[in-house]
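Multiple structures are listed underneath, in structure tokens.
Two complexes follow with chain A in common, the first pairing it with chain B and the second with chain C.
Right, the complex of A and B next:
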């Protein structure tokens, strides 16, 4: 009987357990989550990397959450990036937009969303995802046409 | 024993229903379509929270005063809904729109992005917010706040063409972020 009750109590405790943090090191690209999730600019492959770099700057500066797109396709919403409390819109986030980095931090998962609180960017590989070779620039007006 | 099992099953059922099945929050929503492939209108009540505070217990005053990402702790199922976007078509998030309601339970209307074939859950575009007996407020405060914070960036064109930090980065690294030499060659290909 005690085992039966304990099993049910364990099931009730699931959400709390899911929110406990775990130290991880992840390599991935710093992306703009809104464009990646919403498809507002096109498919997910077109809204990452160099093609989407200017838009990633705009979105980060304007407070849209940034994410870390890991090599296995997992997206971690970045809540903090190094010393800056504000991952999004901070100078570090802008400097690292579209960069592939190796980050060390605390991982949390809750209600279907993965989060990372980055304590340290261990390595910055720069922009290595050269998507402009396939997609030009996304959105198409990101680079203003030179005036005659 | 059977009665005890049934009682626990009844207690547990709502919790598992929220985990296993996405609820329909579209009733009474007046959210405007953005023609997004996976948009679903969603009107619901929830508490405005600082996500990092909710997850870690590190809770500065006033949800971090704009320095933290904000979300909604939905009343119906206690799930965190990430507020990714506000109602302006200018690449703007929702923090400045939600911050005045930090810690308050409000009603929100907007678009949920939901795609079972893509790893998206509880990602939301806030279009309007209603606190207690107040009127609906449109989530369009970003450009006003940006203008107040950047008084020297006046001029023609949208904010993102005039933002000093963005312009400094583009001047240094180009629109592709790959350096000015790559940028110039790409612009020749693009426009000539």
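Right, the complex of A and C next:
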């Protein structure tokens, strides 16, 4: 809930709601936006970080947009991630899923949605949001039953 | 409640009357010449002059299915209730899995007006290039076969195939419909 409020307030603290894009540097976690917004797998604090890493990979491969959840709670939908055209499902997106990164890129707002084109990942901190300590694996079926 | 609250937070600025917005941040869209699931030629221009929702994915999904196609069907239904007809269109990223013969069944279950498009390698490559779809093998699933990278955005196009805006498939039907209505709703100057 705290993060939800932060996301709400973050919309009004964005660096620009202007007609042109603006260069920004953001530190945050690469997240699976479907599970984060839909709530189908659990609350927003449980569908980030290590607990949700496997599902984040699945969703990315399935074409769900990835997002950058900034430290202030703002979510930026990632349109491009480095040199890769597709932000979603490619090698870079899969490698960085659930990682906390510092990204430099261009910010755009359109139809009420925050977008970022990440031009460079300046620093990759790895998976540092260890949510599995509180939530185990989310969803639980992310660890398949062994085949008999 | 969580779902409604977060979606509401995400799209609260839709209600803001005076907020400006940026133009599309890159050139996207362009001509393509493919074949629809009836076997007929189909380009970026809708043959009936309808606006379009376009997604690059699978009609026959390999295990992990996108949320985009059901959303496109639901938005098409919701817009029809507002008196606006549009065409949901999917361009396959796997022409081996999705063929002229087998795309109609899964797509028309989502909406009867859904159209699936495929083509030869060059024609599909042109379509991918127009929308910057970085088409590549993501991994080989031992149960379901090859899984390809594909698009993550739904594109709202006008009848001529010009991209009007993007719709992330993480929106719920209501909010996605509201975005589409911003571009498609009749204005006072119309008619």
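In this text, the second predicted complex is superposed on the first by the 125 of 148 C-alpha atoms of A that agree within 3 Å, B and C clash if a C-alpha of one lies under 4 Å from a C-alpha of the other, contacts with A are read in each partner's own complex, and residues count from 1 in each chain.
To be clear about the criterion, a residue touches a chain if its C-beta (ideal position, glycine included) is under 8 Å from a C-beta of that chain, and two chains touch if they have at least 3 such contacts.
Keep in mind that what you see is a predicted model, and the values were worked out from it rather than measured.
Peer 1: If you stack the two complexes on chain A, which partner ends up touching A:132: first (chain B), second (chain C), both, or neither?
Peer 2: After superposing on A, A:132 lies in contact with chain B but is clear of chain C.
Peer 1: More chain A residues touched by chain B or by chain C?
Peer 2: B
Peer 1: Does any part of chain A touch chain B in one structure and chain C in the other, and if so which residues?
Peer 2: Correct list for chain A: 4, 8, 11, 19, 21, 33-34, 37-40, 44, 58-59, 61-65, 75, 77, 79-80, 85-89, 94, 106, 108, 110-113, 115, 117.
Peer 1: Hey, which residues of chain B end up touching chain A in the complex?
Peer 2: 1, 4-5, 8, 12, 15, 19, 34, 36-39, 51-52, 55-56, 60, 64, 66-69, 78-82, 84-85, 90-96, 113, 118-123, 125, 142, 146, 159-161, 163, 165-166, 169-170, 175-178, 186-187, 190-191
Peer 1: Mind pulling up the chain C residues that touch chain A in the complex?
Peer 2: My answer: residues 2-3, 5-7, 9-14, 16, 19-26, 57, 61, 64-68, 132-134, 136, 138-139, 147, 149-153, 165-170, 172, 179, 182.
Peer 1: Spell out the residues on chain A that touch chain C in their complex, using ranges where they run on.
Peer 2: That would be residues 4, 7-8, 11, 17-21, 33-34, 36-40, 43-44, 58-59, 61-66, 75, 77, 79-80, 84-90, 94, 106, 108-113, 115, 117 of chain A.
Peer 1: Sort out for me which residues of chain A touch chain B in the complex.
Peer 2: Of all residues in chain A, those touching chain B are 1, 4-5, 8, 11-12, 14-15, 19, 21, 33-34, 37-40, 44, 50-51, 53-55, 57-59, 61-65, 73-75, 77, 79-80, 85-89, 91, 94-95, 97-99, 106, 108, 110-113, 115, 117, 127, 130, 132, 136-137, 142-146.
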